[in-house]
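In what follows, a single structure is set out as structure tokens and then discussed.
A, B and C label the chains in the order they appear, each numbered from 1.
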Amino acid sequence: MADVERHDYDVVVIGAGGAGLRAAIEADARGAKTAIVCKSLLGKAHTVMAEGGIAAALGNVWPEDNWKVHFRDTMRGGKLLNNWRMAQLHAQEAPDRVLELEEWGALFDRTKDGLILQRDFGGHRYARLAHVGDRTGLEMIRTLQDAAVAKGIDVFMECTLRHLLTDGERVTGAMGYWRQSGKLIAFGAKAVVLATGGVGKAWRVTSNSWEYTGDGIAMALEAGADLIDMEMTQFHPTGMVWPPSVRGLLVTEGVRGDGGTLRNKSGDRFMFKYIPAFFRAETADTEKEADAWYEDKKNNRRTPDLLPRDEVARAINSEVKAGRGTEHGGVFLDIATRRSADYIKRRLPSMYHQFKELADVDITKQQMEIGPTLHYIMGGIRVDPDTEAATVPGLYAAGEVAAGMHGANRLGGNSLSDLLVFGRRAGEAAAEYSKRARAPTVDDAQVSAYAQRMEAPFEKGGDENPYKIHSELQDTMQELVGIIRRRDELEEALARLERFRARAARASVTGSRVYNPGWHLALDLENLIGVSEAVTRSALIREESRGGHTRDDFPKTDPEWGTKNVVTRKRDGRLNITTEPIPKVPAELSALLGEDKPTGDAATGARTPVAAGDD
Amino acid sequence: MPDTQVWVWRGDASGGDFMPYRVEADEGMVVLDVVHRIQAEKAPDLAVRWNCKAGKCGSCSAEVNGHPKLMCMTRMNEFAPDEHITISPVKTFPVIKDLVTDVSFNYEKAKTIPPFKPKPRDPDGKRRMYQEDVERVQEFHKCIECFLCQDVCHVIRDHEENKESFSGPRFFVRLAALEMHPLDANERIDLIRAKHGLGFCNITKCCTEVCPEDIHITDNAIIPLKERVVSAHYDPIAWALRRMRGKKDEFAPPEPKPPSA
Amino acid sequence: MTQATAVKVRDRPAERTDFWWVEPVVIVAVLGAFVLYSMYAGLAGTNYYFEPYLSPLYSPCITANCVHPTLPIVGSYWNLSPAILIVAFPLAFRVTCYYYRRSYYRAFFWSPPACAVPDARKSYAGETRFPFLAQNLHRYALIFATTLLIFLWWDVFLAFNFNGHFGIGLGSILMLANVILLSGYSASCHSLRYLVGGYLDSFHGKSLRFRLWSWANTLNARHARWAWASLLVVGSTDAYIRLLAMGVLHDPRIVF
């Protein structure tokens, strides 16, 4: 058997972002021997990039706010594709999770009377986001990191786990390698919590870092777990577009929350043309009313600049395609004309810094050039809403890697609260499960087989540059599985993915096993391609436009599809895509949502929509 | 676009040297982009840490022409067209490979810091803090743990033997954040002097100069901590006042209180 | 990878090729010049008063033998320069000053000479040992030096009095500028910032201390500038009065 370092834990948490850390803290608190395993150094996970805030109906700024309104906003923002129970738990528990961070030392901005200040964000009826300037994610991850360190939880840093170990159906551990030494490592675990985030690195223009290679999704799929809604990818409307080296870098929605407006190249506030019927009742339809809303929220409806992200991203995409974009293919975001330089620097210090340093733009005087950037995937591992258990025993998932909570589109600020609420629930359930579960058996043959797979690139002497394959994959997903999708393009993407898979198997690796990024990428490609395939196949199945999934050939939102999840399973090495009904919202919650359903055409841009029945 | 040439330090714990690489330059490129291009085109095993590429995660610390910098925030147009550009790993920590160093020193030190311990809640069960109090500490919470201050601090950069008894600027920022937290009830002043070695700092301010988050590490974290240590250890009048008032006065750090329920 | 020329990363030569040595050289030159000049001026014991101007290096003048005694508490047995008796206070304040410490540890001790340039010393214990432990008493130096400022303000008051008539001379303006800069230097002191409120963890309900601390904080951000400006102007004020007393210069003045 290969030389593999071995460890045994009750609960192994993979990923050390908000969800992973929160899960580990909870599992540890409940007496489980817990390990956190993460690909980067501790505290560098993507949560750190979250800027605007944590959505929680604390009611500090608007006493009218409560969990029911938050629940409604979340469900409507998700185009009612959400798992109602998750949305309910999330809305109910988010305030406690935020207050808990204060118990661990977090310092949010304050209201005059000393409570947590909340800011406006897209799709939230009330100012609801607890925040720290525009670096809320940093505050959150550092608070959780320090809490986890103080509790003495074992952390395995720069350790990539690539495969789940199984005993029959049950997940009994995980296996991977130390990035620093290249040595292999295997964990036996009674329960594994996946908190690995998304798969943004499959796209060219993304706010995500190298880590976002879909590891958790791919591992769960391999272990037999169900995925749902993989076609639901979120393009954040405001990413940087210029210069090329920063393309995709996130510009927080807080810019719009704090007064920023979108304009096309002629200076028109184009968002007024893109208000969908579903949100018309609550959205200002004149510039006058929208401007007045910043000062008087009671008597005016909110500006369309703060529609949910999917709507804004599509609108920007349409403007650019119609030739009304900037020279670098974006639109303008302007906060300088509404707010003073002092206000901008105080509320949005890192945006100010980011534009100044990287783009030579002073946002207190100039407009920002922005465009959509792949930011998040609403789809992922199907979980039980209360326990975050995946569909195979011993496996749990929380955060971006899990699905259901956000439906077809996630509201800004709901991610950080999602991490905390469901991270805690996953940690709790995993710890409880580990008390009942018998000791895991780790199958040496399985370990050897995986060891061989991971070592293979060194032995095969391939002829393909993994960086090149990755780059081409990103272009493919960007062009063919982007904001606006079409059958023929999706099919073309599938064909190309097949070719990438064949080439990835021949990826060449040079150098030693010590901290070798070329090797790491060669291994990551398999996950990237596998998850990209799940996204593409799911996108092909869902023949409607809803939230983060827009079909040029099916531009209408179809109420029939609104009752279905697209489910992905891997059986005998092949992806199997089906649809299953969404759990029905109970009557008392349904009443909160209103009678209307999302309908109508999505703004797909300059292309002529293909008439239904054309294919 | 013209080519750009950089010299990247390649090697491991046993040694290494600068190697020249020439790649195509793009508008707006940062040093990290150049390193990525070298990886993709010339040296796939070139080791480098990075994550956010926006100066928010603090992963891509290195020394560019001898200056501790985040590679993602160092624009290539800062350099003259024919400038000899070197990129090397941070010096304070042992090299693992190329630009990657073993920063576990920091994670070990972090474990020795007594965590936040909240004071009791207000009678209505809420916790109140005020913006003026929170703002002072929020400056310290901006720290992205890039460890550039640790790299530039000569106390450990040039004197390996001090690593045992000195925690470095990053941890004085953290300790200051905890000590000045309006709701913290833990006591650390003694520890700051004895265990974390505040006295080793000769306030030469290089940590402040390199901080990519513009935290005034020396003026706002280290010196106020030094003043607090003075009150607790060196100031005879503060000592006398404490005795007179039965060991309780404003000049002394608050007595540890039992944790809230 | 590892070649014949390979060096361990810690032993590699410093890579800074910019003019990092300019700052320490300038500091050595300016501080050194000031120390030499003030030693000369302070030990001279002559030419420190030109009516109505008293050199700040000699204020308060506390010997009976002083040409212009401020507070003659030392008898006529003291024959040396009166400046010697008071020099310790401003000297201690500046020597223990957090800003000057930064500058002279860099420029004179080369510990380190500049950021990311190797420390010149083999072993290093910072301020953990005597005599550097005494730096911890900076706040006492602050209190004494600041008390002496009262006398300097009194001197300025006198410097506008020309034989019973109000007037303004170049000397009066210099002395006023000097005392303003010295006061600014004291008010921007790190220790003062601590004493007026920095020791608190919560300012809520303590608005006076919050306001004082905020002011001290604002001034403190420019502490280095106050330090240099006041140093240069103290030296210049003494030199001006000295040259007047020596009859080299003539003091332009308007007397009302």
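A few comments on the model shown:
As a working rule, contacts are C-beta pairs under 8 Å (C-beta built on N, C-alpha and C of every residue); 3 or more make two chains touch, one makes a residue touch a chain.
In this text the structure is predicted, and so the values were computed from the model without any measurement.
Taken as a contact graph, the chains are arranged in an open line, each linked only to its neighbours along the path. Taking the mean of each chain's C-alpha atoms as its centre, the chain lying closest to the overall protein C-alpha centroid is B. Here the spacing of chain A and chain B, counted between their Cα centres, is 29 Å.
The geometric centre of chain A is 57 Å away from that of chain C, both derived from CA atoms. Inter-chain centre distance (chain B to chain C, centres taken as mean C-alpha positions): 31 Å. Touching of two or more other chains is recorded for residues 114 of chain A. Residue positions of chain B with contacts to 2 or more other chains are 12, 129-130, 181, 184. Listed for chain C are residues 204, each touching two or more other chains. Those residues of chain A that touch chain B in the complex are listed here as 40-46, 48-49, 99, 102-105, 107-110, 113-115, 132-133, 135, 138-139, 142, 146-147, 149-150, 152, 155, 157, 180, 209-211, 242-246, 249-250, 350, 353-354, 357-359, 465-468, 471, 508-512, 514-519, 521.
Across the interface of their complex, chain C is touched by residues 9-17, 63, 65-68, 84, 86, 88-89, 91, 94-95, 129-130, 132-133, 151-152, 154-155, 157-162, 179-182, 184, 197, 199-206, 209-210, 216, 218-219, 223-224, 226-231, 233-235, 250-251, 254 of chain B. Here chain B touches chain A in the complex through residues 12, 26-30, 33, 39-41, 44-59, 73, 75, 96-98, 100, 102-103, 107, 110-111, 115-116, 118, 126-131, 134, 137-138, 141-145, 178, 181, 183-184, going by the rule given at the top. Residues of chain C that touch chain B in their complex: 1-3, 5-10, 12, 14-18, 98, 101-102, 105-106, 111-112, 115-116, 118-119, 123-128, 132-133, 136-139, 190-191, 193-194, 198-204, 210, 220-221, 223.
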